[in-house]
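Once you scroll down, you'll see the structures, which are given as structure tokens.
After this come two complexes, each holding chain A, first together with chain B and then together with chain C.
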Partner chain A sequence: MTRTRTPGISRRSTLALMGAGAMTFTAPWVARAQAKTIKIGMPTILSGRVAQLGTSSRNAVMLEVEKVNAAGGLAGRQIEMVVRDSKGQPQEAARVARELVNTDGCELLLDGEASSGSFAVHEVARDLGVLCIHTCSEASSLTADPKQHIPNAFRCVRQGIHDSIVGGSYAAAISKAKGLKKWATCSPDYAYGRDTTGEFTLYLKRFAPDVEIISESWPKLFQPDYTEVVTKILQAKPQALYSCLWGGDLTSYIDQANIYAMFGQMEVFAVNMADYTALTVVKNLPKGIHSGNRYIKTFPTTPENAAWGDAYKAKYNEYPTNWSWQNATAVMFLAEAAKKANSADGKKLAEVLKGLTIKCPFGADGTVTMRGDDHTLVGYAIGWGTTIPQEPYVPEVKAGDWKTIFELEAEWKKSKGYT
Partner chain B sequence: MTELEAGRAQALPSVRSGAALRRYRDLLIAVIAFAVLASLPLFTGSKALLDFIIRCSAYGLFATSLNLLVGYTGLTSFGHGMFFGLGAYSFGLIMQKLGVPIPVAFVATLAITAVIAAIIGAICVRLKEIYFAFVTLAFQMLIHSTILSWASFTGGDQGLRGGIPRPVFLGIDLANHVHLYVTSCALLILGLLAMRQIAQSPFGYTLRMIRDNAARASFLGIDVWRAKLTVFVLAALFAAMGGMVMALFVSGAYPEFAYWTISGEAIFINMLGGVSTFLGPIVGTVLLLLLNDTVTRFTEYHGIVLGVVILFFALGLRKGLLDFVAEWFAHRRDAGEGR
Partner chain C sequence: MDLDALAGCLSSSACLVTQTTSGLIIGMLLFLVAVGLTLIFGVLKVVNFSHGAFYMFGAYFAMTAYQLTGSFALAMLAGAAGTAILGLIFERVFMSRVYGADVLMQLLVCYAFVLIFDDVVRIIWGPEFKSMGMPSAFQVMPLFIAGGVVPPYYLLLIGVALVAAIVLGAGLSRTRIGKVIRAAAHNPGMVSALGINTGLIYGGVFALGGMLAGLAGALAAPVRSLTPGMGFSVLIESFIVTVIGGMGSILGALIGALLLGLIRSFGSLGFPLFTEGLMYLFMVIVLVSKPTGLFGKEAA
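Our next item is the complex of A and B:
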């Protein structure tokens, strides 16, 4: 048998060679084009019981990043977000944060971790020197404690101490008006629950000295059954109840307490109620629960805030969470800082971020500030109001006074030995 | 001397020299492995690879130490993670509060772990099987709860904050990434070598005998309780070493390090890699971390992927990877000899 054709370079090989040649020549240009984008890494919790923290944070970030990119990017560089799950484990958060910087080439970090995970990412930021903005951790010590302070880390999150000061003064005013002297507390048994409750009662007693705490309950985090807690509170017969339960725990608690008609028997102050994650899930939202604002599109009562809440709902078919506004604000800060610094370099951005005030839909007066001395967010809308069972859920919110917050926060810092 | 006795007399030195060779072979392998690992930063600038190997060192020491209990002694501990956490916390707290040199903190951590492991072990090793497993789990939860509750000392659920100070010692600066990497590798290799020595020593064979038939071992005059307690404490020490490497890597210690899920991960690693070979847990560690790191890059539904992998190993291979490979080689060899 004779060959009819002398085998040469096949068509496939020719195409492959041409492709390889083209790649070789265009690679530098492709690389240069890629260098124009800036990668921002975001370790957060996307799985498990608090996955909503991560998903609603990511949604808000993407919403804002699209706007920044449409407006030309961060100092001319398009933002590419790399969001990765840490499963809520601090060692994974540290690993993911390092991977995002070392392997994926992220130049900035948005830390969407809660509690211990945020401290783990903070150490990575300390180690690698990369600009990091914490967007979910409410633990006051993260920025208040001078041992934690590093020049390249900021926190764009509300704080437990701010909530407690505003909540304490609001509750004290109602206490005095309605003669609520006997109080009970019911909060989750971990650092956030104990610290926040301690701070709330501290300020409540400061503004209303005749208040007495007659019962304390500390259900476990993610506890499914609250019967014993509810009956214990009912037996103590307090005139008012404070709780910093949150998310699924708060909604389960309210559903179970409703069976005992608890909310008709006392005034309830639940700092984390006014968040759509709780408001929309509770089966029969009782009227008249006092709550701090987490995120609600009707407070601050500005068209910008309402528009932002609606835009988020339109895009993701659900309302934003407290984590959402904080993450969105972090991107707004980055965009404004890049404009001022005319650069997306982490060090230059950090310099500009210190003390930076920006226009923001979530600001008490339409602006928020990244306080220079402790790199933390201040001036955000903070207030308390009472619930109704349907939208807008919390029709009137009484705004907290930032002057009082600053004064008492400074005192608190001194008492903790931070200043 | 009969012919048979003469044959034995000749065979004895050759067995001894074989054992000596094996001992040196382990040492040689350890030196080569360390040389290869330590020279890696010369060839690659990939910090991610070095990070991966540092984490492998932490989990590898931890999982192999669990295999001393599970694979060699037949003690399935569900609470081994408590020593991982204890190592991380003791080391971190000593460095933060006392500011002593790192080697002092290292030795002190091992001493603390030994004392606590001896107390816990003295209670646990009297029990067998599921009772042993659950009492170890109970102790783990006790330590985890203590860490959470003693917030003024341990930082509670937010962990040890503010970073772990890493003063330079003997020219080694653990704040330097490459120095930390080489030190982690050295600890891994030294730890593995020591555990290998334990496994291959007469004591190691006593453990195997206890695993296979504790009553027979007891009739032969072995103090089973003491042997079990000894290996429990030794395994705790290596787990604490793993915890210290992890604490240095994340520059902190968190309650999750002492939670039952960490023990679960170590058991999973042993299932993946295999418990009948010494290096099984190391293979399992590399597999699990590789799987974890790759899958979490692409999806947040990593639980499903890992679940499928567990099913594959549990139902498909019915053993760990290295066990499977070892058996496959044994089959091939037997088939070759048969032909």
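Our next item is the complex of A and C:
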């Protein structure tokens, strides 16, 4: 039986045509895949009382991403930021983070959440295995606690324990010089306030053992009126006061304490004072409040830092915040890691990020390092100084010594059972 | 618990003066907000959950006026008058439509406006917190009375709130308008039948309530930071005041607010970790012993 050919093209020709078609259509697609943009997801707080910090985080990221994209992108891939509002709610932060990866196709995460939200996003990163850089949470346990450690998460943020060591040592030196033995504390009544105050007094007493805490006040977060707290402190007659109130709570407290002339009666140490969010808002800023540096463009005193602060202000018409420099640094780390790995793949980036040191305007010596063993930022500019009511607000900052920080941090980790 | 500190304070005239004035300051600001709330409830029978927004607008209006004119008096006027106008518009356009409606509907409308007002503030003034700053006339050393510390600005604040309380009390009990308002609260149908425009009365009362909250916000603006949503925490405490004093009672609002202020002031010494709890505990005790509040009237 002879086989008769059916009209039209043969099977062989069809296959050949399909092959050619596939080549024709796939080649550009493969090329596009190589050059396509890389989406980076960012859950952060864009509404509510902390919105200003979330917005400043997004601004800083966009400022740096523009530079990276102008320089060719992340290993040749242009960055597309997908920024979503978590409203400061941990469950929403986790949902948004998951959605950014699963639905929006984000390959990396920048976690612009406060501490409570960061732990939630951390669990999403653990589950999905996506590279995640925390950019705002200062809670030390996020990276110090080995139970939290995952290979794909890093923290590009200052740490509470670092601030407490430097602050405790600075305050103890002033205590000894001025004979400040009776101290009071006034901090917000939630995890950050309690932990930071505890750590600060721990190191204050370590460096100045004769210091006594004679009064503690724990106003609730976002409390509008501090009158009873101010008068309570006045009754206790301390020689010095420590506070880690922040943002609008700190400015309210200063306004209300000012009319009781409190700042003339005791030395005040407010770790969160030296941030433009507070410095530029308080209308009658008392002279001589001691504060840790959050972000000021005059510390570190380098042209790079000043230029970065000015560039941010020129673009957004306001000064950056503490969250801004941390977010900017995270993008700088990603850019440098992508160069070294010659890839934007999360796993490869994570490998390179471990122990990576980069040039950075916010470094104590012009560089910062992503410490390899606990994936956390070290070497950033950290110090304390006293305020004046006009720019530069904190004219002289006494820099903390990273050698001492490392030694005491190691001791602290041991005491907590982390090592 | 630090009962020694509390006992020590009660036996020291300096501490007693400082803590008592501290309690009065907290109480008087609360009174201004709470009295508007209780007045609106007393006459309109509406629980105005959006009342905190008027406190917020009062503070923002005052700050803006102060920035534009540099006059503290104009700032206070702007805070009070601005919120009065806003209250009138809000009542006439929106609230008047839900008077006969279910309580849940009223609650939903009020809550919707809490969110809307917060967003309006965010759009106009921005999401970041702001500070009005203390006028230079009050940037002076505090007074020392019997060894206690009393800032002059807080004396003004207490004075303004006291005047408001007296004018309001006397106005409602001794003037014709006051009598009409009280009559409208008891029997609006009869008042309307007598040819009196009850809509105007309702609008006026709502404007007055809003104005008092706005005045409180304006007085607080120099010492409190301004943020969208700042009215919420004040609203919660104002509700505690009205529940303690009795819904609808002006004297109750005054006594409730002062008691709450003193509880916070002295509680922070004796019960530093339970100051907030003390307020709620006191409210529970009042509600158990007198469910209508200290000066509330039994429902007919």
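Criterion: the second predicted complex is superposed on the first by the 385 of 419 C-alpha atoms of A that agree within 3 Å, B and C clash if a C-alpha of one lies under 4 Å from a C-alpha of the other, contacts with A are read in each partner's own complex, and residues count from 1 in each chain.
What we mean here is this: contacts are C-beta pairs under 8 Å (C-beta built on N, C-alpha and C of every residue); 3 or more make two chains touch, one makes a residue touch a chain.
Please read all numbers here as calculations on a predicted model, not as lab measurements.
Aligning the shared chain A places chain B and chain C next to each other free of steric conflict. Contact with chain B, but none with chain C, is seen for A:Q89 once the two complexes are overlaid on the shared chain.
By the document's definition of touching, neither partner reaches A:V157: not chain B, not chain C.
Shared-chain residue A:Q235: touches chain C; no touch with chain B.
Residue contacts after overlaying the shared chain place A:S47 against chain B and chain C alike. After the two structures are overlaid on chain A, the closest C-alpha atoms of chain B and chain C sit 5 Å apart. In the superposition on chain A, chain A positions 47, 51 are in contact with chain B in one complex as well as with chain C in the other. For chain C in complex with chain A, the residues that touch the partner chain are 5, 9, 15, 18-19, 22-23, 25-26, 29, 122, 127-134, 138-139, 141-142, 149, 151, 153-154, 220, 222-230, 233-234, 264-265, 267-269, 272-273, 275-276.
Interface residues of chain A facing chain B in the complex, by the touch rule stated above, are 46-47, 51, 54, 84-85, 87, 89-92, 94-96, 98-99, 102-103, 115-116, 119-120, 122-124, 126-127, 139, 141, 145, 147-148, 190-192, 194. Of all residues in chain A, only 47-49, 51-52, 55, 216-218, 220, 222-225, 227-232, 234-235, 247-249, 251-252, 255-256, 258-261, 277, 281-284 touch chain C in the complex they form. Only residues 46-48, 51, 55, 148, 151, 156-159, 161-163, 175, 246, 249-252, 254-257, 293, 296-297, 300-303 of chain B touch chain A when the two sit together in their complex.
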